[in-house]
Every structure is written in C-alpha cells, then in structure tokens.
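This is the structure I want to talk about, given as structure tokens.
Order as written gives the chain letters A, B, C and D; numbering starts at 1 within each chain.
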Amino acid sequence: MLDSNHRKPLAGVFPLTPFAIKEDQSADYDGLAHNIEFLAKSGVHGTVMFGCMGEFYAPTFDEYKKCVDVAVEASAGRIAIVVGATYQNTAEVVRRVRYCDQAGADGVMIAAPYVINPNAEVVKEHFTAINSAIEDGLQIMAYNYPPLARGFNMSPDFWDWMMTLEHVKAVKESNGDVWHRDQITAKIADKINVFPGGEGWMFSDFLMGAKGVVSLFGIAVPKTVMKFYNALLEKDLATALPLAHKFTQLSSYITAENEVAALKATAEIGGNKAGRPRSPYKPLDPETRGVFKRILSELAEM
Amino acid sequence: MLDSNHRKPLAGVFPLTPFAIKEDQSADYDGLAHNIEFLAKSGVHGTVMFGCMGEFYAPTFDEYKKCVDVAVEASAGRIAIVVGATYQNTAEVVRRVRYCDQAGADGVMIAAPYVINPNAEVVKEHFTAINSAIEDGLQIMAYNYPPLARGFNMSPDFWDWMMTLEHVKAVKESNGDVWHRDQITAKIADKINVFPGGEGWMFSDFLMGAKGVVSLFGIAVPKTVMKFYNALLEKDLATALPLAHKFTQLSSYITAENEVAALKATAEIGGNKAGRPRSPYKPLDPETRGVFKRILSELAEM
Amino acid sequence: MLDSNHRKPLAGVFPLTPFAIKEDQSADYDGLAHNIEFLAKSGVHGTVMFGCMGEFYAPTFDEYKKCVDVAVEASAGRIAIVVGATYQNTAEVVRRVRYCDQAGADGVMIAAPYVINPNAEVVKEHFTAINSAIEDGLQIMAYNYPPLARGFNMSPDFWDWMMTLEHVKAVKESNGDVWHRDQITAKIADKINVFPGGEGWMFSDFLMGAKGVVSLFGIAVPKTVMKFYNALLEKDLATALPLAHKFTQLSSYITAENEVAALKATAEIGGNKAGRPRSPYKPLDPETRGVFKRILSELAEM
Amino acid sequence: MLDSNHRKPLAGVFPLTPFAIKEDQSADYDGLAHNIEFLAKSGVHGTVMFGCMGEFYAPTFDEYKKCVDVAVEASAGRIAIVVGATYQNTAEVVRRVRYCDQAGADGVMIAAPYVINPNAEVVKEHFTAINSAIEDGLQIMAYNYPPLARGFNMSPDFWDWMMTLEHVKAVKESNGDVWHRDQITAKIADKINVFPGGEGWMFSDFLMGAKGVVSLFGIAVPKTVMKFYNALLEKDLATALPLAHKFTQLSSYITAENEVAALKATAEIGGNKAGRPRSPYKPLDPETRGVFKRILSELAEM
C-alpha cells in the first residue's frame, strides 16, 4: 500500500458541487467540468460532489464513474476532489470507493447506512469493509448526519473506534447539536479534521477547532466564503460576525425537502451549471429562489 | 397495451419472501426457488419479495433480474409474484418496473422515495412515471410506510389522485395509525385492495374491509396465517381472536433495527432459506431468535 | 378502611364532561349539573370530568372541589362520577384524590406526571403515594397517554407492578399503538377494566376484551355511543361497523391543538353547556365546528 | 403606572436557584435565603428561581409567595431576583405575576403554556393578559423552550408581535438550534436582552450579541461563570475557549429526565441548600453526581 501523500489534504473550504444535469435529465459532464474549473480558479481548497444535496442517490454507476473522472481531470490537482460514496448497502459503497481510489480522487465522503435503522455494530461493519477496500491512500471523510441515518449519531464514544481506521482523515459534522460538535472537536481535532456541514455552523466551530467546512454557498460566492474562513482563522471577529449572520440567515431557508433544489439554485445563481433535481424531486419554488438570489447578491458584496 | 387479465389478482395472503443469500453473501437462487415452492404448496395466494424486510436495497440489478426470473418460474402461475421495486430515484424504479412487466411478475410494490423528504407533488411525479412505464398489465401495489418515506403519508386526499392511475390495484398499508387505515379502507376498498402490512393489523383491518395481507410470518407458518385469514373472512371471532393475540405478541418483537433479521430468522425457523442479512446489517440476536422459535412453534399448533 | 362496594363500578360508557364556564370564564356549576343530568338520563354508565379535553389544568382547587360536589350531587348515584386528578406534582394529586375520596366520587383518573420527563421509578413513586392516600374505597382509573407524559408509556411490564396497587381498578388507554393496547388487554383485562380513550378505538378494543370506553362524543350523541357499545358486546358487526367508520371519521378531526375546543363544541352541539376553553386556549374554528355539527347529526340518526 | 427604573436590569450572569426543600419535603426558606446570600456575595448580577430545573410546578401558591418574599429580602437590592411564573393556565400565571409585581421582584420568567399544544394565537392571548396585569414595572423575561411547550417556538416572526409588549425586556433562549438563536439575536438584541439558557451556549451566543446567561452552574462555581462571562465580553478567546469546552462537557450530562436533580446536586456540591427534587422526581444517581463533583471541582480551579 502506498502512502497517501499524493492525495491533497482534507482541510479548508470545500464547496458542494451539484450533480449537473441537462434539460432531458441526462448527466451534464461539460457542466461539471465548468463548475470544477470555477471552483479551482476561485481559491477554495477542494470540493465535495455527491453529498446529500449533490444527489448521491441519483446517478447510475456509469454516470458516477464518469463524473469522478471528469472532476479529477478538471481539477488537475488544483483542488481536492472528495466524492460522496454513501449508499444503501456495503457492497455498493465498496464498489464506489474502489473506483475513486483508482481514479485519483482525494477523498470519499461516506455516511452510515440509511434504509434500515443502523446501530453502532452495523456502522462498524460498514466502515471496516470500506476502510479495508482502500489500496492506494484514498482518504475517508466520515459524514455524521443523524437525520439521514435514521437517528444514528457518531458519538464521542464511537470515535474511540472510528479513529482506529487508518484511512479516516476527516469528518463532516452535520449534527445540529452544538454541544455534540463541540465535544467531537475537543476529542478528535488533533487527529481528524472536523468540517462543519455548512457556513451556518462555521462561526463557533472554527473558534472551537474546526479545520474545514463543507460549504453550501461556495458554488456561488466562493470569495465570500474564503473571506469568512480566513477571518475565523485569524479570529477577526469584526469581519466574521456580519458574515456569520448573513450565512445563517440564508441557511435557514434550506429544509429537508428543498435541500437538493437549494444547492442547484445556488449554483445557477452563481453562474454555474446545475439544472433541476433529478426526478422525482422538484426545482426550488420561485419565491425562495428570489430570496436566495437577493441574499447571495448581498453576500457577494460583503 | 394488453389488459391485465393474465396477471394473478392482488388479494389474499401474501407472505414476504426474504432475499436468500449464501454464507459468502452471494444470492441463493436455489434457496429462493425452494421458498417459492414452499409457499406455492402451502395454499397462500401470493408472495412479496424485496420489501423492506426483504432487503430491496441490497441486490444489484443483475441479481434483482435473476431473482424475478427465478421466482416467476418457480411459481409457475400457482401464486402471484409481487416484486418490490422501491428505490431512491425514479429512473431506477422505472428500470425495475419495466423488467418485472416483461418478466411476467404479477405486481410490483413501490413506496415513496425515501432519501430526501418527499411531498405530495414529488410522489405524484414518481408514480406518474412508474404508471406510464407499464406496457403489459403489471399491477402496482402502492406501499404506504411513513417511517421509510421520511414521514410522507398517503392520505385519503392523496388517494383521490392515486386512484386515477390505471395500474394501481392495491396498497400495502403500514401506517401504524388505525384511524388512518380505517379511513383509507372506507374510502378506497371498493376499487383498491387494502393489505395491512402484517398479521398484527389483520384483525381490525379485515373486519373493516381489507382484502389481503402482506404476511410477516407466512414464510414459517402459512397454514396458521391462512386459518386466521379464513376466520376473519367468515367473521369467526372465536377462532380469530386467540390468533390475533399471538400474532400481535410476536409482531411486537420486530423493531426498526431488526426487521430484516427477523424475517430471515422466521424463514429459517420455518425450514426455508434465508441466510444472514447482507452486510452491514446483523443477524437476529440469539435471545430474540429463541423467542421467535417458541412463538412460531406455538402458532404452528394453533 | 371500608370496602369499595359503595362505589359504582368502572365499566361501560363514560362520556367526557367538559369544564363548563360562562362568558366571563367563571365556572358554570349550573351548566355542569345540567350536563350530568343529561348523561344520567341518557343511559350511559358514568362520566369522566377533568380529563385532558376536560381542562384538568384549568380550575383552581376551590373550583375543582365545587365541581366534584356538584357532579356527585347531580348524579345522585345514577352514573359513576370519575374525576380527573392528574397534576404536575404528587402533593397536588394527593390533595385532589383525598377530596374526591371524601366527597363521594366513584373514581379518579390519573396520568403520569408531565412536566419533567418521568421514568418508571418516578411514576411508581407517584402512584404509590396516590394509592396510599385513599381511605374510603375510591377507585383509580390509570390514564396512559404517552404524548401527555413526555413519552412515558405504561408497558405490559409496568403493569406487573401497577396491578399490585389495590385501588387501581381500570385504565384509560390512549396509546395510539393498537399492538400495545392489544398486549395490555391480553395481560390485564381479567383484573383491570381497559377503557380505550375514545370511540375511534372501540371496534377492535372491545372485540379484544375492553370493558368500557371514555367516550368523546357521548356528551352529544349518547344513544349512538350506547348502540355502538351494545353492538360490540353482542359482536353484532353489521351494526357496529358503520358506526365505527363514522366515529373514526369524526375522531380524525381532533388534534393535539384543538382537543379541548373539540369537546366543548361537541357538548354545545349536543345541547349541553360548555363555553369556550379557558384562556389561553381558543374555541374551535368555525369550519371544523361545522364538520362536527354535520357528522354528529349523522351519528344521531344512526 | 410607574416606570421600571426601580427594577434591576435583566443583564449579566443569572444563576438558577433551586427550590430548596428539607428532608420532609417542606420548603426550606432558610436554605433559600442562604443561597441568595451566596449568590449576592459572589459577584453575579441576578438569579432565576422557579425555572424548569427550579421546579416551578412544585410549590403551592403559599410557598411560592413566601419564597418570593424571602428572596427579595435576602437580596436586599444586591442582585436581580427573577421568578419563574410559568404555569398551565393564564389565570394562575397572572396571579403569580401580580404577586411578584407587588413583592418587589425584578422580573418574571414565563414560558408558553405546556399542557395542550399551543399555537401563536394561544401564546399571544397568554402574554397579552400577562403584560396587562403588570402595574408597577415588573420586567418579563420570555422563556423559549420548545420541548416544554409541546414544540411551540418563539420564531423571529413571533417576535415582531412580542416586541410590542411593553414589559418584555429579555428572553431566555433554550431552543437548541444555534441558527434560531443567531437569528433571534440578530433581530431583537438591540431592544431585548437575549440570555442563552446555559453555559453550554454562551460561547457563540455572546460573540453574537447575547447580554446575559441563565446559568446552570453558577450556584456552585459563580466565579468561574463570571470569568467566562467577562472573557466573552472582552472577546478574550484564549481564556474563554477552555471554559467553553469544560462547561459544555458538564452540560452534556443533563437530560430531560434528570435536569431538576442535576441543579439540586450542583447546588449542594457548591455548598448550598437544595435537598432532593420534590416527589415524584428522584435525586441524581450517584454515578452522575460523582461526575458533577469532579467536573465542578475542575471548573472551580479554572
């Protein structure tokens, strides 16, 4: 097994990239390449594709593979490519992880299984198999999102085990409980890079020790996200606070129903490629899209 | 489009069939054929494979197709074959439905999408596409299970729309709220066959107008389930009541965590083929398996 | 301690009586006496006042005492008077129980404490004190309503303990899970009279062994509730089924928000005295009141 | 109506005071006076008695009145006395508010009604009556705690109305959603002092604009809470961060079941008077009490 030095580190600002599709709902690979180019030029550190808001459940495996190839090529080593490999059974996750490992992605983001309610033993079997499947230094970003995983939470105790897996290098924390995130950060931040799952949690989490963010709005306003990130690294609260308020305000319009549509609207408002969510999900309603347009425009000026 | 007369009706006792796998977790097609033969000889009216407890999320598409073929062939027209085609995006459901339509299955059981929270408009787009994909009379059994579908419930109002779809012929009701099930039955039972999602709900639902049951325990004790079913059809409460109590008692050991393992244990206790749940899920713990063995044995004597 | 023979048994149809108030929100004792007279003449077996829908949390202790006295006097031994004595601390429940015991009420209905989340040990301490406070044969109707009690459920195991309390003679079961109610009935119905918490659950529960009902609609249509009750006792399903459907339909308009207002509207539609819910709660909205009026009128004809 | 200048402002560190009781569960007024003396000497700005953890549901009205008198007298104007006046009906809240207004308390803390699910119209009727009952400048600290209030949340939109009430001067925010608290603070902090409901939320909330804290641990370690508070006011993150971590760690041992017992244990560990929770609730289990003792001792050294 090679060391992982040829993978870009999982740290910094990682905007979500949507699953771009055309009007006929076929995959828009040119659109994806365009989006990666946009991000690479914007100064961010990486991107996460095929998260929840990135429709990980939507592509076929053939589409999935081609998207990975397109993104790795478009990045050309400029930004880290993290690919969501969450799926509803272990075998399919392993298949996706193996592909990413060979295709030159920098990381995979993986949540617990989410159809049948999992418990700790189930999630351990899942991640053990995943970790063992990696042969070439691919990095795992665990994804803790209890509402997806039928309530399963990667608790501080669970991390005693999780830290024994050699390829786990980061965690995206989307548990909305700030006490939980604080405890996780206090426990693991020396070894595992903690990424809050959006700008709305950056303010406190970065002051507590987070090392990166899976950004919801970087696909539209990457420079503003970078400004927020840098202000927090420098503990420049005067700069950070108004940005925190504005990002939180925008985040509050995202719901469990519209989250995919919200990312796609964000990308398009930012001049990037997205299209509607794949069937059966619906585009963002016009009124909320108007709110996004207005607040993103205000953020672009900040 | 042909009429659907060459499909067996969706009515009566339809035990769940597990997704049988071998020790190496590969699909056990001989086991599946064995299980279908067992059911066909037992006097039940049909079977449902690839429900939630039947691990619809576990097989690859190739395995799925072969399982459909094996089941249709093993049944040889003796019992109705209903195949779960629930999936996390419309395109994959349509692909599975088309296969079942051509392969000679009698029905498909389909729930609402379950990764991103759906609303009525989303579910309508989903089922519109599914209904349109059927060319040869395949029958749809809608599957109403709010805990799977992130809270989405097929309400009485929703059925005003759902009944306009020509291929929807039945519904598996797994909403635990007896008032809901009563209202649905009162509204649609003349046109749509209502199947409670287990023996635990049969007693009241059949007296209210249900026409079938998706049986949890028929893969072990089909004759007892048939006895319960016939007693209810004849309103023979003296026979039905002790059976109702005993089935409810056993049902209460099934949880959101162990439901797959419970079906597999049930099948094996009944002398059929199952194996463990596919990774990452775990077999039934020995203590609960012991309870199943004891109560199923009592049921076999009733 | 006297035996409890001088108390009327807790069995049969027990409509809820609302907490009648005047336009200035003062207690309407004449209205209460009128309501009791109505019920006593209607042929029902008892009544429950100060349930959740009967605003147990609203009266002062002075009002409470006078209401008990008025009801006992108005009944004059014709129907059993059960008084809600649920409260947010043990001492106040004991105070109310002692009053009811001396005032000649037949029973008290008591739920678990509901401000701070209780567990089994807490509920046991509560009911131990309550049981010990009874000196003159007052009967306890336990009230199992997990949504009120912050999720606490009187499970079958809990009843192993609960049945050791000499004054516990009945339980009002408002756990909506039919499996739970079936298991409770199967376990305790020989010793403890099970009352489903409304007409919507009567059909299956009476066939399973319930002995009474805390009726939501008897304050308007007592003769129809009695007809339903008698049909179920005689297992006359042809009579019972249409009534079950209609009562369930009406029950489905009752929500956690409007339940008090719904009982008050029901009472007034039935020609009885109620008034609005005490501040801060609101009367039933006119549209829903119209639905109640229509369905109650249909029920009165059945 | 007088102006409210003779009331001490609602700002700064306000530790919860427990409802001290003796071994026979009678109210311990000397213990209360002792606790107030302890706090007044410790340098904090105020105290809140009869919060949820302070057993607002436990005392009789006579005990309530005497506790208010004792606290006001013991404070002697040194610290602000805020008295919980939450109750399950408007009339009783008004009675308690009137007493506090005349008795010289500085404020009352009041949550939405919590037995029957309230909506915005219900809560408005409640607070309108409360606000109107104040004649002598008593200040209202609204208490937003959705888990108590059956899910009702004082949203940003609700505050458009709430800010029209002249006596509302502060809010205790115990909605665990940091986005909500940020939005509330951004909207109202110019006019209404926002108090996070515990040390665990202070770090981000103070940086965002909170003006006070309802402290869970000040009854044991007031100097450490003051140090944390002052560090946050001065944006001295190096001092604040380790304190934030430690307070969050301790907070995470508090549950919906043990919250009353946790405050009482905290007070006693700090050398103050508390006793067990009033019946039916139980003292803190010895193991958790040991954890509290250890962490509070560490906090005292920080």
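We adopt the following convention: a residue touches a chain if its C-beta (ideal position, glycine included) is under 8 Å from a C-beta of that chain, and two chains touch if they have at least 3 such contacts.
Keep in mind that this is a model prediction, so the values were computed, not measured.
Looking for a copy of the A-D interface in A-B, B-C or C-D, one arrives at B-C, which has over half of the same contact pairs by residue number.
Note: centroid distance subunit A to subunit C, computed from Cα atoms, is 52 Å. If you average the Cα atoms of subunit B and of subunit C, the two centres end up 38 Å apart. One inter-chain figure worth recording: subunit A and subunit B are separated by 36 Å, centre to centre, where each centre is the mean of the chain's CA atoms.
For subunit B, residues touching at least two other chains: there are none.
Judged by the touch criterion defined above, the protein chains form a single closed ring in which each chain touches exactly two others. All chain pairs that count as touching, in label order, are A-B, A-D, B-C, C-D.
By the touch rule above, subunit B contacts subunit C in their complex via residues 176-180, 182-183, 186, 200-201, 203-204, 207-208, 235, 237, 241, 244-245, 248-249, 251-252.
Residue ranges on subunit C touching subunit D, taken from their complex, read 25, 52, 57-58, 60, 88-92, 113-119, 121-123, 125-126, 129, 148, 150, 255-257, 259-260, 278-282.
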